[in-house]
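Each in structure tokens, the structures are laid out below.
In the two complexes below, chain A is the common chain; its partner is chain B in one and chain C in the other.
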Partner chain A sequence: MTKKFSLTPYFFLAPALLVIAVFIFYPIAAVVYYSFTDYDIVTPPQWIGLQNYIKLVQDPTFWKALTNSFIYLIATPTVIVLSIVLAIVVNRNLRGIHMFRALYYIPAVSGSIAIGIAWRWMFDAQGGLLNGFLVWLGVLKEPLQWLAEPAYTLPIAMLLTIWMGLGYYALIFLAGLQNIPEELYDAALIDGCNNFQKHWYISLPGLRPQIVFVGVISSLAAIEVFNEVFILTNRTGGVLDSALTMVFYIWRQAFRFSDAGYGSALAIVLLVITLAFSIINIRVQERGLETD
Partner chain B sequence: MEQTQTAMFHAGALRQKYLENTFWYILLILMSVVTVLPFLWIILTAFKGPNDAIQSYPPQLIPHDPTLANFTRVWNLLPVGHFFLNSITVAVVTTVLNVLITSLAAYPLAKMRFPGRDLIFYALLVTLIVPAQLTYIPSFVLAVNFFHYYDKIISLILPNIASVFNIFLLRQAFKSVPNDLMDAGRMDGASELRIWWSIVMPVIRPSLATAAIFTFVNAWNDFLWPSLMLPTMEHKTLQVGLMALQGAFQSDFRGVAAGVTMTVIPIIIFFVALQRQFIRGLTGAVKG
Partner chain C sequence: MNKKRLFLIVSLLTLASMILSACAPQATQAPQEPQVVVETQVVRETQIVEQTKVVEKIVEVTPTPGPNPEAVIEGVEPNAEISLWTFWLSPTFDDYIQSTIARFESTYPGVKVTWADHQATFLDDYRNSFAAGTAPDVANLSDTEGWVREFATKDLLLSMSDNLPQSVIDQYFPGLFNLQLVNGKSYQVPWYQAISIELINNQIYGEKAGLKVEDFPTKYYDLAPLCKTIKEKTGTLCDIRLTVTDLLRDMAYQGGVKVMTDGKFTFDSPEAATWLQWYVDLVKANLVDKTALVTDQDRVGLEIFTSGKAAFYQTGPQLIREVRASNPGLYGYLAAVPLPAGVSGATAPTSMAMSVKKDTKFPKASLALAVFFTNPRSQLEFSKIVGIYPSTPASYDDPFFTVKPVAIEESVRPLAKDLISVQADIMPEIPQFQEVNQIVLDAVQQALFNNVPAQQALSDAVAKANALIGK
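What follows is the complex of A and B.
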């Protein structure tokens, strides 16, 4: 450690801090300011006080987007459970297991746009694979416009998010499982645990750091979802805004309808939600530490 | 007597083992059908000729009249080569600059004592919870009015050459480097920059790889910001270009499938080839 005052650490930090100041700190301040203005990006912003926020509270589309974004959070516990199960299944020494792990991982690396397009066609009314099978098997009398049905659009988007994340999260859990000492399982066997109890009492507590990590990143991804909705609904947000989420609504207001002031107010709501999330998350982790 | 018994026991255990493995393989295959089927279907459709059915019951998977015409049609209508080149440029330049800049910043945060360190640390920590999309409206205004890089791919690079996530990841790595190493360098009269580059950086190479992989994947898959920045077809990255493809080939499923196949296959090969590093990188971030 250097004793006397030196500028060295500041030189080391300067490039990163400059970039972060310009592209994170300044935008946060600017978005707060814009949210109190009438702003179309082309002409200078006009101060209108709280009008955007008053409009927001009375805007049924905003409430729809907010509700959908919260419904989207169901994807988080679902993907955690499924990926832990997947990790337990692939955590055994079988011939070719590495190939299977790679196969499960393909959706996670292919990029959400390519996958989204594939899914859009899967659910297509003319020539979609799903309709092809369902009509053939007699489940459906005629092909269904899955993505034009308001009731199905959001669940299909959530399914896509889960399907894409599964392989990546399972890898994280697999690494966690392989860190749990084998003796713990042997001891459980001696104590007469069955297969399910073995995982319930040993794997789950052992995976705690991974569950926290996946919980945080997958819930943030869910509340900030955009790509899946954008592709599956062909940039519309779905029939009757059925799959409209917060980020999609921000994008539509700011960049399609050039209402950046209102879009900024929506963005502030999103920020408050993610802030609340982080506080809850820290609390939960602290409580977990106390009981440990 | 005893021997036959153990033999029988072995046969039983083997049978049990055999049954168990069969069960696991069936499960593994069923699960891979779920993950791979959409890709397989898209790839097969890309080779379908005009006489192959798109809509049929049961669905026709295998093309009877295979052709490469769909690929040439896409290639002639869209600058797919540009898309690739742009994506590679953005991802590589972003990754190299980002890892350099964030490791430079992470080093003093981990290993030096100086006024304002805690303030900087907590200010950076807070930004981790800010959704990236929140910054897009002001960043758009900056791009158009200040940086004047709207419709240029540098607009995708510059905002991403530093990331708080990597600073924290690398700070953690630098902390585990023993101080003796650096003190030895100081005794030899090396400058801090030299100590950072030739003594400490080599030690944390695995973490640098993790940071690089994360940055690369994020840059490669980024969609919303590039879609705001790149209206000209030749300037688009792969993800934005794919979306343009879906628009240009609206109801031509064979064309869309060919485009998706062309863009996805190289990526899958790339990641499967680097699978080992990739998995280590992604799982290594949990502790970071």
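What follows is the complex of A and C.
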């Protein structure tokens, strides 16, 4: 029996496909093409074959940016742990708990640029909140130039990312916690579980789908971080490129040095990495669900 | 008696009738006598009268220079529609820009100008506009940041040297017209100039550090001991900025470094090492704000100064208005002194320019607009609004420039002509400028923050830069 071909589904799919084609497929195809060219944005691209990719392998700054992006992934497990803890803390019927939940969510709805500027002030060398506090406590003899110290710039950016994501991810975990039947906790209590064991043996397994989901999106966000670095380092990437991440390096090459060809090659590498990440994450998620 | 009266009346009526009839005209014409008519005959010459034809013909009226002294470009395309981009001038100077455009349009009737102001993203926008084929005909580019050279080397700008009459070129200070030359040609007409000064916050410098404005160093390298004194007495860091977008320029002006010799980079000389070591020492002694030192944005340093956290900052008097607007309390503590001289003894121009894109549809109209905005009258009017200085000597003939200054923004005005006239570009043309600057920046950062000896960092950078340009 042959299936009768129908145009109707394609008709309904067409608008979405058109938008995706224009705004996703075409740009990806264009970036792939530019990655094989010498392109300075203002004059037409010149085909140079694999030269950008050869340059990339030999470019120590690329490896530094890639390393920093992977280091940035430390933010992912950190934010997962912290947001689960926060979700457990706010998952109780206390007076005013709704206000706390809303307060924790505020960073998620605030602009990252505005937050970045506030954080820059917090870590400012002269008159910054942190320096003032630490000097007052006697921990520091004189103010430290936090954002100009290669050792601190990237961790501060990561801290900012974690702080910004905490409320949003906590909300996801809170929803997950509220789906776990109360009877399981009652049974654990009867079995003599303490609070920690209760969450270790019941909450965490119950939150597995949310953990996988948050793991995927937060790791992708971490590897593609840009705004935090841009603002905190005054768009320099930090002294000695200490906070240089892949997306920032792509931006710098393409738009500050007008080397869009090389920037495109970097973007393709990042695309491959994020695709690999997504596939791994989805496989893990599927395997986890099968186990459940 | 009645009969007599009746008879009298009838008699009078009869008499009256007879008299009236005798006076009345004749009712019928009497037979005419034969008349002799003399006719006058006029003999005219035959005339050929050409019939006038109505012919519809479009007569193109080219706006050519007329009596208006500001119309200095001939052959401006009729009905040209051109676009202009300025850099960070709106909304403060909207009235000035709009009135200048209106005057331009009346000077060259038929030409229309569309104006847009771009701010922090100007450079990105301008680059992207070339890619999109929508670049403005005329753009306000910064000479100081090297924008003119960037686009001129990519063959995107119209050569002013080739396309402007000599009489127009002569209206600018030669040193300013010849900024950012590419293959010996200028791709800009100089617009407004800033005279860099050291702006002093007397609350820190005078009151807390106990220093006198008149004792401010006159040599650049003497800023280091000053920073040490200020740090010791007030705990304040110095707000000094490297021009990270053009470090070779800093080396040349501040350190007297000859950055190229016979087409090869030579910025690893002892002078260059001294220059870099000076900054290394400042950083190691924790005397400078490192964020401001290595940023590519002047505004970072300006914000530090404006917020009252620095004793002095190198800037232009035109930016004092920002200090006044953001921190009026600081304004009363401000003092201005001349910039300390670098080893070169030369002063680097801080110049804004007007450039025209090469493939404009209306080159004459675009050149006319660039020249109009930069002509002596337009620049003089601009100077009266804000503390900028014209690139045209004629503007300084106005008494405005000889009046004794009152406000701090005006402090250098009487000296402006002399200062501007000697400003000149001492930099050679740098091949592969962006890449070379990145090499120098890496070297400088290695020395400043990674304990690489200054001499070694520079020697490595020279080797890389020469390899890059094939030397």
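In this section, the second predicted complex is superposed on the first by the 280 of 292 C-alpha atoms of A that agree within 3 Å, B and C clash if a C-alpha of one lies under 4 Å from a C-alpha of the other, contacts with A are read in each partner's own complex, and residues count from 1 in each chain.
The rule is simple: contacts are C-beta pairs under 8 Å (C-beta built on N, C-alpha and C of every residue); 3 or more make two chains touch, one makes a residue touch a chain.
Note that this is a predicted model, so its numbers are computed, not measured.
Engineer: By the touch definition at the top of the document, which applies to A:41: first (chain B), second (chain C), both, or neither?
Structural biologist: The answer is both, since A:41 touches chain B and chain C.
Engineer: When the two structures are laid over each other on chain A, which of chain B and chain C touches more residues of chain A?
Structural biologist: Larger number of chain A residues touched: B.
Engineer: Contacts for A:23 in the overlay, against chain B (first) and chain C (second): which applies, first, second, both or neither?
Structural biologist: first
Engineer: Which partner does A:255 reach: the first (chain B), the second (chain C), both, or neither?
Structural biologist: both
Engineer: In the overlaid three-chain picture, which partner chain does A:236 touch, first (chain B) or second (chain C), both, or neither?
Structural biologist: A:236: touches chain C, not chain B.
Engineer: Tell me the contact category for A:126 with respect to chain B and chain C: first, second, both or neither.
Structural biologist: both
Engineer: Could you tell me if A:152 is touching chain B, chain C, both of them or neither one (first, second, both, neither)?
Structural biologist: Neither partner.
Engineer: Quick check for you: in the superposed arrangement, does A:10 touch first (chain B), second (chain C), both or neither?
Structural biologist: first
Engineer: Going by the contact rule set out at the top, does A:247 touch chain B (first), chain C (second), both, or neither?
Structural biologist: So A:247 only meets chain B here.
Engineer: Who does A:142 touch here: chain B (first), chain C (second), both, or neither?
Structural biologist: Second partner only.
Engineer: Could you pull out which residues of chain A sit against chain B in one structure and against chain C in the other?
Structural biologist: Dual-contact residues (chain A): 41, 126-127, 255.
Engineer: Residue numbers of chain B touching chain A in their complex, please.
Structural biologist: 21, 24-25, 27-28, 31-32, 34-39, 41-42, 54-59, 101-102, 104-105, 107-109, 111-115, 117, 120, 123-124, 127, 129-142, 144, 158-159, 161-162, 164, 167, 179, 192, 196, 217, 220-221, 223-224, 228, 238-239, 242-243, 245-246, 251, 253, 256-257, 260, 263-264, 267-268, 271-272, 275, 278-279, 282-283, 286-287
Engineer: Could you list, by residue number, the parts of chain A that touch chain B in their complex?
Structural biologist: Residue positions touching the partner: 1-2, 5-6, 8-10, 12-13, 15-17, 19-20, 22-28, 30-31, 34, 41, 86, 89-90, 92, 94, 97, 100, 102-107, 109-115, 117-122, 124, 126-127, 129, 132-133, 135-136, 143, 163, 166-168, 171-172, 174-176, 209-210, 213, 220, 223-224, 226-227, 230-231, 247, 250-251, 254-255, 260, 263-264, 267, 270-271, 274-275, 277-278.
Engineer: Provide the residue numbers of chain C that touch chain A in the complex, in ascending order.
Structural biologist: 124, 127-128, 130-131, 150-151, 154-156, 235-237, 244, 286, 289-291, 293-297, 300, 304, 307, 309, 434-435, 438, 445-446, 448-450
Engineer: For the complex, give me every residue of chain A touching chain C.
Structural biologist: On the chain A side, the touching residues are 40-43, 125-127, 142, 145, 147-148, 150, 234-236, 239-240, 255, 257-258.
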